[in-house]
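The first chain written gets the first letter, and so on, giving A, B, C and D; residue counts start at 1 in each chain.
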Amino acid sequence: MLRVALFGCGRIGQVHARSIAGHDDAELAWVCDPVLPAAQTLAARLGGHATDNVAQVLADPDVDAVVIASPTPTHIDLLSRATLAGKPVLCEKPIDLDLARIDQCWSDIAGLRPFVMMGFNRRFDPTFTQIRRRVGAGEIGTLRALRITSRDPEPPPRAYVVSSGGIFRDMTIHDFDLARYFLGEIAEVQAFTADDGNEMLAAEGDAHQAMVLLRSRSGALCTITNSRSCVFGYDQRVEAFGDNGMLEAGNQTSSSVRASGPFGAEASDTYLRFFVERYRDAYLAEFDEFVHAVREQRQPSPGFADGRAALVLAEAAIESAATGRTVTVSPHLTDGVLT
Amino acid sequence: MLRVALFGCGRIGQVHARSIAGHDDAELAWVCDPVLPAAQTLAARLGGHATDNVAQVLADPDVDAVVIASPTPTHIDLLSRATLAGKPVLCEKPIDLDLARIDQCWSDIAGLRPFVMMGFNRRFDPTFTQIRRRVGAGEIGTLRALRITSRDPEPPPRAYVVSSGGIFRDMTIHDFDLARYFLGEIAEVQAFTADDGNEMLAAEGDAHQAMVLLRSRSGALCTITNSRSCVFGYDQRVEAFGDNGMLEAGNQTSSSVRASGPFGAEASDTYLRFFVERYRDAYLAEFDEFVHAVREQRQPSPGFADGRAALVLAEAAIESAATGRTVTVSPHLTDGVLT
Amino acid sequence: MLRVALFGCGRIGQVHARSIAGHDDAELAWVCDPVLPAAQTLAARLGGHATDNVAQVLADPDVDAVVIASPTPTHIDLLSRATLAGKPVLCEKPIDLDLARIDQCWSDIAGLRPFVMMGFNRRFDPTFTQIRRRVGAGEIGTLRALRITSRDPEPPPRAYVVSSGGIFRDMTIHDFDLARYFLGEIAEVQAFTADDGNEMLAAEGDAHQAMVLLRSRSGALCTITNSRSCVFGYDQRVEAFGDNGMLEAGNQTSSSVRASGPFGAEASDTYLRFFVERYRDAYLAEFDEFVHAVREQRQPSPGFADGRAALVLAEAAIESAATGRTVTVSPHLTDGVLT
Amino acid sequence: MLRVALFGCGRIGQVHARSIAGHDDAELAWVCDPVLPAAQTLAARLGGHATDNVAQVLADPDVDAVVIASPTPTHIDLLSRATLAGKPVLCEKPIDLDLARIDQCWSDIAGLRPFVMMGFNRRFDPTFTQIRRRVGAGEIGTLRALRITSRDPEPPPRAYVVSSGGIFRDMTIHDFDLARYFLGEIAEVQAFTADDGNEMLAAEGDAHQAMVLLRSRSGALCTITNSRSCVFGYDQRVEAFGDNGMLEAGNQTSSSVRASGPFGAEASDTYLRFFVERYRDAYLAEFDEFVHAVREQRQPSPGFADGRAALVLAEAAIESAATGRTVTVSPHLTDGVLT
């Protein structure tokens, strides 16, 4: 059994806790959170000791691996200390909101044979995985155009917005990573944003929607469409168009029930509500890959460099939205530091 | 140009009038209806002379063909007289509600080289035609099971019900013919009916819904599901299941627009409202086939024998619903008289 | 924790073993199978002791409940002995193939306050459950017509066919129960079968497909369509039609991916392969309901009477298929013995 | 009857010829083409006189209106001369490939009370029209994001490419107009193109695909996705996303038939092949609107200014694709000349 320590008891921390506790080859060893009662409640339900003491957890020789699901500003510190303690790490995105800090972190830990897997859950979604496999198998010929749609059911609270780094860093970052998952390295970025009249977001200098164009180094194009709210639910779609066909991942409904009535016909059931429901299987598969990578002592994917690359694209989108120019993402910015 | 005389100016008569007037190789020569002003209005709009005198029409040597769209009780008389006058006939279903009269009619006209095409419009629907062609081409292997769903938007008025001969003769008759179109001759019939609490229908001894099982001579099975009302529109579906696959004709929507909102997701547009809209192309194709058959002096299909066979199945269903027994449709009843 | 003893290690036994081992409030106490190594393998993987000794299991005071997933001929003996030992039972369908034995069983155990839940898994399928709930809430008005489609991917082996009791007892029995789940008691049954040229089935006197009409006591009608093979997978659909609308449970695909290519457009992913995949959630929900009913000491549903009623309908269908007559299911046959 | 003269007998000219000949209130008076036999063939089939003499046509006092479906370089000359002759004009897009010539044309004819309707057929497509009407009625709240997908089945021949003005002027121009139809005036344009390895297009300096971002003056965003080839057919979709819902116009299939087989399940029929099939109803509605506008002596929509505005957006996209900058479309460029 892989004994796993979890940092962070919030919504996403609880998702990881269930993945750990429910995995055949893993168990929850520690739940660590500055709010001790929260850690205690979670540990009581799913196993492990509760603490608010990071050092105690990392000093435990029985801890085989670490999952970081705490607030973003704590990621680099925890990731560095865990690596120093020789623990493999699964870290929620983003590594950090500041590229310089990320690069500093890497130069600090690079010599320690770091094992850092990034929590880009969508890479493990069965529909996206299937599309990538079928594209890779040549089913639709050369992939020419990718379309990613990602809309949240409703905007985050102001408290989140003020510290999230903005829509490109907190939301589109998933789509940037998904674009790289399908297309490889990105060469150019263009972006538009709009506040759609949302006063809170406008006041905080953030956007309500974003549209992004990407060009990959291989020459494929990509659009990303984001919105911070979507009245009909969590809108998560991918469309891969190639010389020989198209593969689409449509939205997923709560059931296969369709209704017809005086109002109209063949209405599908509602969509799965939000990421916990929509990506339930993805979180399980992600943690399972983490367990396997640790066991087999191989580099995990997506790794630290992928976490950094997604943020580089977010920075490029921010610049493009501000200047109206296509931003070229030069290779050394994307991955030079890390190779 | 094929000069066509039309008998009957009601809803279905007007459908035929438009088919005739809109056909490149045909024109409306006469519109004949006992209600002369109705005939005059239609003729003024779509061409031809108006009259209430059947004899005058049939005596006109310039009339090349006849379409009978008048009330059912008049069919046999018009069909016989038109045949006697040497005119090819397209006759709305049913030939008559009484099998003995049908057989008498046939023995009266059989020696006159009758040309009688029956207006089973669904045989000409592009979706059903396509399914039959693909089944015939072996795409789904041997056809084993057929499912026909046919629900009207709302019940007919009492005036229609009292003279229609009941649900099997006025509504299911279309489905019986469609079953024969796909499966060939039918060997056995079972049927259930229910009044669904509709007091008018119950008072008239008629049913609101019907479910029928058929076994074809070739061994395939078939279900027919009918309802006299359907709150979401005209429900017209066919499902053909075979050893190697399935072909379904779903309902047809007014457009390809889908709506999502707070109420749910991906609701299709409403269905095409009723037979005039849903089978618009079928009526055109039916009349086109009539024109071609007349021009090429070949026997039309579906013909008189098909019209009789559908009524035989309706009689069998009525008997089955009344007695609870499977009714065997013996060959000589189905087609003996006519071969 | 509810300590559960499992009888039977075959395919369905393994499904139950996983439900038990994966349930938060239950654990596998015993795995009992005449083939001891099979029991040992399963117990080693999912917990509990392995044995081939029924008496030993039922004598264990730590066993809180029993799941019977052994071959049909053993059901009554195990069910009776478990009840005698005071253990709550979850028993796979059917209770038995012989109605007289079922009634004898009941008179033997009726005085013992039996707790017998029948394993009609489809009652716990989230889509069917949802439709029943929405129908019950009046969303589509009075339910008038139910359509159940159930096709297996491929025919069972001859060994199964010779002892299964035929298509109505081994396959349609699920649909009879589902019909009762939606419609309540059934009043009349009509049935057609065909062997579709399958020589093995014909040789054993069994059918390859069946079509059934039911009339419920409340007046609603129902069709059931079965086939023992289906080249495109496990075809499991329900359509509930009422005065104010329709609710359909369509087939469930392996993913939401749709493919378009030179071959055509918008092809869905393949269907979930067979019952283990399609009804995975249903088996979990079924076992969960069993746990709750045991804990709360309330009568489980579906119970012994439901297991008997489904067999009564199978017998009626067999009679109807043989005689061509509608078989009336009189009340005392359905539930008289058990009330 | 409106007597209409048609200039141009190519593919789109024939589409218009059928619209004219099939319209209840119009007829084909002249077919004019420099290739006289082509004009003669078409006139023989659908009516009217054939000629290669433009002056003769425009001098005919019995000509009530003119449809220009000749090659793009001839549009301005024909449009100007027809206007000078006092004839209402329906002109295929684009007016011209050169903005300066367009503006010169307008200053030449502006004093003549010109009646110029532009042939942007998609504005008359029933699905797009329906979406616009429902958006206008407030069904999805404020429209925030529009997505237009337009892919042709296969690339045009080299002969077309060398004179078409490139993908933005010959293909995206339809989508620019559609964006204006839904969003009103456009403020900013960004664009990416790729040749997708197509050597002919690359040699001619043209693109195989394009992706465009637009921001409307009202603040809504829009993406346009184009491809010059699409192996599964003509891909024409619109998605309108607003605060309160989404309306999508999906692709249209040749029939409602769905196929399932060993290959998979629920494959739709093929898409309508190309614009003649997909926009058949749109061309009829467009011509019908032309007839009504002429009869009622009101300004047609879309008009000359709309034709010019779409070209302005094409120019902006060309500039953006070349420079990597967002191009601001200033008001006086879009419509100043014409107001």
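Quick notes
Note that in this section a contact is a pair of C-beta atoms (placed from the backbone, for glycine too) under 8 Å apart; a residue touches a chain by one contact, two chains touch by 3 or more.
All values derive from a computational prediction rather than experimental measurement.
Taking A-B and A-D together, the chain pair joined by more C-beta contacts is A-D. Comparing mean CA positions across the assembly, the chain most remote from subunit A is B. Averaging C-alpha coordinates per chain places the centre of subunit A 42 Å away from that of subunit D. Subunit A and subunit B have Cα centroids lying 59 Å from one another. Each of the following residues of subunit C touches two or more other chains: 231-232, 244-246, 251, 259-262, 269. Of all the residues in subunit B, the ones that touch subunit A in their complex are 231-233, 251, 253, 259-271.
The touching residues of subunit B, counted against subunit C in their complex, run 141-142, 144-145, 147, 151, 188, 190, 192, 194, 196-197, 208-209, 211, 213, 215, 219-223, 225, 227, 229-232, 241, 243-246, 324-326. Interface residues of subunit A facing subunit C in the complex, by the touch rule stated above, are 126-127, 130-131, 134, 139-140, 244-252, 255-262, 269.
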